[in-house]
Structures are given as structure tokens and as C-alpha cells.
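One structure below.
All chains are identified by letter, namely A, B, C and D, in their written order; residue positions are counted from 1 within each chain.
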């Protein structure tokens, strides 16, 4: 592998967030999920604090996650447990603060109806 | 929660806009909708003016919305009423001007056919 | 309406392009289409040259389109005719050069199967 | 065709990556695929090194691809063979390093269920 230039930012935000409350099809592939993918191309492990925002109460967090050096990892908000789980069918948003530059992308699979729907977007990058 | 650096911009635009004219499935989850999510990580409430653009007539607005400090809120264009409702099945676009930096993301759920379709993208950020 | 700050760029690109070759459902809403939305918040009409790129032959264009001052307009590549139509089921890409700053967003509705699928993203903005 | 200003970057990243493990509908249109589109508006051929990142092992690559001057080309990760194929149903991410500025967009078609789902986003551009 060639030496890769660093790519990404240390701060990211996703304004959309919603875990569909039910699913169709075999788990875990077709469990409705709200997910984000983190790519860490750097030579250092990324320690990332995720803060989750809600409509009617204070933000919750940080959820502490890690992505190894030169690794990618896909996370589902459905699996967040500490400090607390995220309720289904509720609007939220999220902010990510990483110790090293990473790239973050948002994806939802919604299988509440018989056929799944998908959507994705790059998260919004902070200034650095 | 850690102290969060400010993230976002005060001006945003969404060039796509269209409220599908009919729906399938239980309301309100499966009512076809054109939506945007606002994340306000700042310590001040965001007062946001939304201006809606059309193909063949002057822009309408501002629609005045608010998102509290350290809160997120998801809005549907379907619910806009003042100064006027947005007609279904019509092309429009929108510009957002906020008093504090926010992050804005665009999402559509189209349930005109029996199975819903989804799409999302970050809105386009202005220079500041 | 408040005075709006200018938003957008004069150059944009969409790397994905593909008009699905068939459709299900009533036209024109459910005709499979590859579309882009242009928002012109400026006080001047936007004259936009669209150049279409292909895999195995020279680019075609410019297709000349206009979007009035303070207007939005949604275009389908399906309707492009001059200098030539864009073949269905073929990969292409597009570049936009506008006389004034605009915002451009890419959307596809694919109704080749019984239920439509949707996708959208902001186009990629040029340096100015 | 008008002379086009250069548009794009030499480095891009896609944090999401997943080739759905099965498909419905006629191949190749409805084969589930993870794809990216490259637009090269420059007057020189683009030689692009793609590096693929995984969750639990070292990155693989470079995969060497080319896109001619003033051409676009759509690639499926499904077809990557050298140095090795990418396993189905596995999380990955990708980084692109091009000899000339290009624009890269990510698209997935998922036809694991009877009706296809689509998603797209611009890839994340590097600093240059």
C-alpha cells in the first residue's frame, strides 16, 4: 500500500437521526438501523466522543468509541448503551469529536415496510 | 457532556423540494414528507428565517422557526402555514438564515407507492 | 422577504448520471428520471451551460438552460434535446457553468421495479 | 464545447462500503452493487490508486484504475480483482488518489429484497 495523505476532520455532525421503530426481514441485515461509518486512515487509533442531541432534553454523552489506525468501523445507534440507549422512533442528532482526523458518513436502512429503503450522506465536517 | 466546539453555518440552502401529493401507510410516520433537520450545538437559541423559492412566482417568507440551545428539531415543509402553506406536488427550494451556527440536513420520505422510498443529503452551507 | 445574502457557486459537477431505461407507474411523476434542481437566489437571471461527459466519446454540449432571478427550477436529463438527447441506460456525468452563483442538487427516481427508489446529493461545488 | 475550468480534487474518501450479498432481478442492472463514479474533466488521463480499508485487517491496495481525459467512468467494487476481490456482506471503506483532479460520487443499489433501494452521496474531498 502506498503512503496515504491524511484525510478527514476531527469534528463532524449529523443533523438527521431516527431509528425506525420496527423491521421486516431477517436480522441483523434487515433490522431497521441508523448507522454511521468511520474511516481512520491515520497511523494512530481514533478515540471518538459522540454526543447525542434531542428535541426536548439535554444532550446525552459522550458515548466513547474507537476505530483503530488504518481501519474502518460501521456503528449502529441502535447498539448505543452507555450512558443510555437511544429510544426508537425519536428525533435526534449527533456530534463527533475525534483525537485524529477521520471521515464519517451517515446511512439509514428502513425496513418498516416489506421492502427496505436506504439513504446516505457524508456527515458535515467541522473546521478542523 | 464535554464542552463542544461550535459547528455549522448561519446560512444554508436546499435546491430540491417537493412534497409528494399522496401517501400509503399509517400517519404520521408514513405520510409522504419533505423534511429538514436542524442541529443547534450552541449555547444560544437559534432563530431561523426560512425563505421558499418557486419556479414561477416570487419567493415566500420568511417562515420563522426556532431551535433551542443544544437541541435538534426536525421540521416538515408539509406543516408550514404562515405566511402560507406549500402546495403539494410542486417544485420548490429553500434558504435558511440563522442567528447562530447550525447544521441542516434534508430528507424526503415518499410513500406514494406501497413501499416507502427515502433520500437524504446535507444542505449546502453558505460562506459563514 | 428579507434581503438574502448570495449563496452558491458558479461551477458544479455531478459524477453520477444514468437514466433508468424503463418505468412503472403513472407519468410523469413515476417516469424514471435523472434530475437536478437549480436554486438561483440572486437578483439576476442565471444562464447555465451544461456539459455532459460519457465513458467512450467526447463530451456533448453545452446544453443551455436558464433559471430566473429568485427562482428555482427542476430539470430532467431525460428532456435534454439540443444538441442531442441523452441515451437511456448509459453512464454519464455533468458539469454546470453559471453566470451567477446558484445551488445545484442531484436526484434520481428509479421506477424500473414496481416500487420507486430515490436518491439525492448536493452536486460538487467548484472553487467559485 | 466551451473550455471548462478544472473541477475536483486529487484525494477522496468514502467511509461507507458494503456489497449486499444477494440480489433480485435481471443482471447486471439489478445485481446489488456498491459503486463509485469518477468524472475527469481535465485534458489528461487520470491514474487513480484505490485503497480499501477493513474493520479487522490491514488495508488492501492499491487497486489501479484509469479514467481518460474528458471522460466519466462508473466502477463497481464488486468487480475489483487485483490484488484481491472484496468479500460480500462485509464493511469496508475506500480512499482514492488521482494524478489529476477528479470528482467522485458513491452509489449503492441494493436489490436483496424484491424492490431495489438506492442511495448516493458525493465522496469526501481531500484538501487538494
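To be clear about the criterion, a residue touches a chain if its C-beta (ideal position, glycine included) is under 8 Å from a C-beta of that chain, and two chains touch if they have at least 3 such contacts.
Bear in mind that the values here come from a model prediction, so they are computed numbers and not experimental data.
Visitor: Since subunit A and subunit D are copies that touch, just let me know if over half of their interface numbering is common to both, same, or not, different.
Guide: Different-residue interface.
Visitor: Comparing centres built from CA atoms, which chain ends up most distant from subunit A?
Guide: When every chain centre is compared against subunit A, the largest gap points to C.
Visitor: For subunit B superposed on subunit C via Cα atoms, how large is the rotation, as a multiple of 5°?
Guide: About 90 degrees of rotation relates the two copies.
Visitor: Measure off the straight-line distance from the CA centroid of subunit C to the CA centroid of subunit D, and report it in whole Å.
Guide: Each chain reduced to its C-alpha mean, subunit C and subunit D end up 21 Å apart.
Visitor: If you average the Cα atoms of subunit B and of subunit D to get two centres, how far apart are those centres in Å?
Guide: Going by mean C-alpha positions, subunit B sits 30 Å from subunit D.
Visitor: Mark out which residues of subunit B touch at least two other chains, giving numbers and ranges.
Guide: Residues 114-115, 117-122 of subunit B each touch two or more of the other chains.
Visitor: In the complex of these two chains, what residues of subunit B are touching subunit C?
Guide: Touch list, subunit B to subunit C: 11, 13-18, 49, 51, 53-56, 58-62, 89, 91-93, 95, 97, 106, 108, 110, 112-115, 117-124, 126.
Visitor: Considering the complex alone, what residue numbers of subunit B touch subunit A?
Guide: Its residues touching subunit A are 1-2, 4-5, 7-8, 25, 29-30, 37-39, 41, 70-74, 102-105, 107, 109, 114-122, 125.
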